[in-house]
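Each of the two complexes below includes subunit A, the first together with subunit B, the second together with subunit C.
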Partner chain A sequence: MQTTLTNGIADGQLTNAAKLANVSEDQFRMSNGVRVIDYQPTSRHAAPSNRYYLWLILPAVIVLACITLYPFFWLIWMSFHKVDVLKGDVWNNFANWRRLLGDRSFGNGWLLLLKYSAMCMLMEVGLGVLLAVILNRSKYEKVLVTLFLMPMMMAPVVAGLVWYYLYNSTFGWYHWLMQSAGILGEKSILGDTGTAMWGIVLVDVWQWTPLIILITLAGMKRVPRDQLEASMVDGAGEWRNFFQITLPNLYPFLLIAILLRFMDNFRFIDAILVLTGGGPANSTKILPTYLFDVSFQFFKLGRGAAIALTLLFVTIILGLILVKVFESPAGKVNQEGS
Partner chain B sequence: MASSDIVQYKTPARKAVDILVGVFLTIYLIWTLLTFVMMFVSSFKDLLEAFKLPEIGDWLGVTLFFDFTPTFRHYENLFLDKNFGKYMMNSIISAGGSALISVVLGSMCAYALSRTEFRGKKDLLFWIISTRMAPVVAVMVPLYAIFRNFELVGTLPGLILAYTTFNLPFAIWILKGFFDNVPYSIEEAQMCDGANRFEAFVSILPLVAPGIGAFLILCVLFGWNDFLFASIIGSGGAKTLPVATVELVQPQNIQWGKIMAAGVVTTVPMMFLGLLVRRYLVTGLTMGAVRE
Partner chain C sequence: MASVSIKNVWKYYGETAAVKDLNLEVLNGEFLCVLGPSGCGKSSSLRMLAGLEHISSGDIHFGDRRVNDLPPKERDIAMVFENYALYPHKTVFDNIGNALKLRKVDPNTIQQKVERAAEMLEIKHLLQRKPMELSGGQKQRVAIGRAIVREPELFLFDEPIAHLDAKLRAHMRGELKILQRKLGTTMVYVTHDQMEALSMADRVAVMHEGVLQQYGTPQEIYHKPVNAWVAGFVGEPPMNFLDCELVQENDAIQLKHSTFSVSLLPEQASIINSAKLERKVQLAIRPDEIHINGKQSAESIKAEVKITEPLGGDMLVDTTVGKEKVLVKTKPDFTASMGEECFLSFDKQRWHVFSSETGLAFF
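On to the complex of A and B.
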């Protein structure tokens, strides 16, 4: 299927662009290529001065610095102090950091975060790719995708609340469903240390599998048709085609999907807060949830800052990897064809 | 995959696979929509009706779910007694305000970043995207302390600023990708015809307008659906819909009908907005890495 959106500009817009540039559309396509990356001004006398651009960049950068960079340095400051609202902050000789070393909830939080992410990712990627493959060949792709992506629009906290209600062990329909199917025994899914993690994973899978479907579908439209056809001519079956051509072409897309989801697991704990709040017996207290408790339940802002910095550190590393993937030749080649 | 012009004969195995696929799609569709159906239907149920559940294993008892007399009581109650009209206004102002600020500042910045090269540009861009990815819980600790000093906690401007921490980097990053795709020669041509720099910039706006509009809506969606910032920074004077919904949960006497109604009120507008920008969703949710 040809996509109408060519690198962000719809075809109609391209026509407009051509009109504005006073050339025919074909000329326009030829002279500009369809995708122009990091376009450099070609003629020097027409290029506006750098100062003009500086004025355009500055407001956003200043605002952003005020609301992110300033808090970031404040965070570092807090992590070295005993934060006290009334008496003022006191230097406490790395006590916040030293406490992290012996803090079992901290280590446990990281482990649970990894476990939670791994469980989510395995299920979401598995389901998402499977569904994308099916949808890609389905007549009803458009309708089904639109229906499937509805959960993403729901506020995560509302999703958490609705699922909390449905999981309820006395009147929840999902609880009834699981018990009737003989899955759960007598237990309530969120009330048991063994199953609570599954409870929160299911909500995440429900809400975010559609994102993997969307990304994979977009990736599948980029798989070069000539490769597929060539290999079919050579006698490869559909399975072989899928595993040797489609799937390798999807890797960059899946990598992006996984990284984004992984970082979202760091960012969003809304659903978990209302579903379990980290319980029972800390079995779902993944690190961000623990951080929330330390900072906003016990108001240990200094210790919270130290934990937050470890979380930020890992996020930045993940971000660096993500940007590398964005820029990798594989990622670009796949974006080019359409 | 297989070219459609090749006539394919369906073997029995193929038919069996088709049926399996159909069943799987149906099950997944039910699993996706069931939660919505539950939310919508429960919001029209009275307290006692919401608690009705068939015996375990009694599959025919499912009909019990639809055995109720619909009531609009919960919705009336939310807006008449629980002040939901005001919370909705708060949501609209905070999400809309932040989206507007982000997109206006963001498109200026993105345009300039797309048209210039300078040393450290890559680092600047990485800093911008990393602020977007920073975990909200982590950022909130210092932001709360700072906002308290400036007396911004519990106010709408405070909440707008808080949402801008994730909306502005999003807008810059994603709109830069948009401007990158608009050839510079258009502006050049305009300037040759005597337009000044600003007019040249305005001349390409129609090209990016649909995108800008779509990402404005996505920014609204991000702000509207936020819970953490709203519950801490907005606590008190700037309660938004998600926070008000969660506050309906009380340890004793949980009003499920009311909570589900609040959930519907929070969700439905975003479902419409989401469908409106359907084409730009992938681009938006992947920070421009994947385009549809």
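On to the complex of A and C.
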């Protein structure tokens, strides 16, 4: 009698062998002394169970829940209640939300926010791409990029303060320059409803154009050289080459840059609070500033929560678009080529 | 259509010279292949012709036009790039028609010309696709279509079929040659593949380390290499080289190897006579110009079979003569086992002798 066949014999093999011998599997096992080991890998190299992973990520999940999920649900709760710290929250029958519909400051806040974002975006992208093109050809590219990036490193509040002093109508440099040039007349930059918006836009442009430069420059490095050359041979000049080859290749990079800046602008508040606080005459009261007023100046926390949720909602949609762009064929660069 | 003349052209990248004193004349309607290993300066030369690279010194003329300082778009050339360089965001139609559009040709004419080019290249069904949806061979056809639709004075091809698979490459060699004959346009074609150069070109320019080595018809390049480098580079399997000495014995001049000695033909000896009798030379002979035999005959050389490689229609035999390796190409019915003795006899009409010092050919 054989003692063993093999440890690793597969069930199917055993069944087949039994069939061939025209006996049942058990009989075959008995008669041939086959010892089938129910093999379960238990070494430390085996894949751990899901539960093991669950324990590993649990601490992070708890921390995240505390700092984001809990406040988020609390925000939703607040938006449906009249929040009163002393008497406790009271359900107020969608009053916070209904109030928004007729709230002119709310609508105005959105309009100003869109206007502000659009102005920033146009100038930042235009200037950013232009500077990237120049930098890309410059011998001193590395040094210049480092210099250009400096504004980005500054805390927005600090940037706001610096510009506040530059704009100041008694000792501000820019104020003095513009008045000397006869552009400003007797007005002050941040004190006039016509120029205040430009004032805050310029700060954003100054601080965030470098980001566009950086992203565009990275994109320009990936524009295939042979495509540019093919276009030159085809008969394109510098301009045509830029619009025909460079720009289409930059498109996904720019789209990402723009969406990132939009999402950022939608929660922008630091520099504005320092510079104008939303004034004069609410001409710079973009939605985040209005939200700040409602929640932390008037302490209407329920209404503030509702406003915050509308902002969050729009930002999430933008985020989703961003993800879509990353995944779309247009977002994937240079699949062409070799 | 135009002839091309390259006179004393140098190309420097910083301190290094990529092209050294290049002189070439390409006749109107001729198919020129520039052949060489990578880094030999062939692509730099082509790019100077295209106007994509500045000419450090020297002159380039198309016909009687000096083009040194003209940008690519004013040179009336069309170029096909190694990686096709199609515009990924344009359709095949727009890729091919782009150059015409830039020249403000009217849309109807563009439509006609693009369709005719597409028909010629058998890609008419692909016109509305984007390059991303095409196979390598199709992309390559689109790239060629983009070049021919222009009807330029000069075609510049930079290894256009290097990235295709072997079978398609062989097919495209024939097609490109037919296409060039049909269009009659002067063509400069850069390649590192000697098969492409020998099979397609009217004339071949062989380059090595920035220097033009030889310029001639494929037959001249193959049968009359001017130096040992060209002899060794062109031909597959490569030529055999044996270190010999030239020795005068009686009336004949003998090639004396450490293990054998063979006499030159009288007309070959006369060339050596007139030149200085040089002692160290290299005997070079192609594998298919050696006869291998089991039996000894007059002036046959004893060798030892290392290994045989049947290739279907041919048989490659690795042999050693003394300590040197000699590759022989023979009929597939040759049989020998490892270590067996065999005898080689050389086709004296076909062999070459190069100076060991200068590498230049005596014949």
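Brief remarks follow.
Simple rule for what comes next: the second predicted complex is superposed on the first by the 275 of 338 C-alpha atoms of A that agree within 3 Å, B and C clash if a C-alpha of one lies under 4 Å from a C-alpha of the other, contacts with A are read in each partner's own complex, and residues count from 1 in each chain.
FYI, a contact is a pair of C-beta atoms (placed from the backbone, for glycine too) under 8 Å apart; a residue touches a chain by one contact, two chains touch by 3 or more.
What you see is a predicted model; the values in this text were computed from it and never measured.
When the two complexes are overlaid on their common chain A, residue A:L318 makes contact with subunit B while staying clear of subunit C. In the superposed model, A:P224 makes contact with subunit C only, not with subunit B. When the shared chain is aligned, subunit C comes close enough to touch A:V233, but subunit B does not. Legend: residue contacts after superposition of the two complexes on their common chain; A:P248 is shown touching subunit C, with no touch to subunit B. Touch criterion met: A:I57 reaches subunit B, while subunit C stays clear of it. By the touch criterion defined above, A:S180 lies against subunit B but remains apart from subunit C after alignment on the C-alpha atoms of chain A.
In the superposition on chain A, contact of A:V125 is made with neither subunit B nor subunit C.
With both complexes superposed, B is the one of subunit B and subunit C in contact with more subunit A residues.
With both structures placed on the common chain, the touch criterion links A:M150 to subunit B but leaves subunit C unconnected. Overlaid on A, the two complexes show subunit B and subunit C touching the same residues of subunit A, namely 229, 232, 335.
Taken in their complex, subunit C has these residues touching subunit A: 50-52, 71-73, 77-79, 81-89, 98-99, 102-103, 131-132, 146, 163.
For subunit B in complex with subunit A, the residues that touch the partner chain are 1-3, 21, 24-25, 28-29, 31-33, 35-36, 38-39, 42, 50-54, 56-59, 65, 101, 105-106, 108-109, 111-118, 124, 126, 128-131, 133-143, 145-146, 161-162, 164-165, 168-169, 172, 177-178, 180-192, 197, 203-204, 206-207, 210-211, 221, 224-228, 232, 241-242, 245-246, 249, 256, 259-260, 263, 266-267, 270-271, 273-275, 278-279, 281-283, 285-287, 289-292.
The residues of subunit A lying in touch with subunit C in their complex are 224, 226-227, 229-237, 240, 244-245, 248, 329, 334-338.
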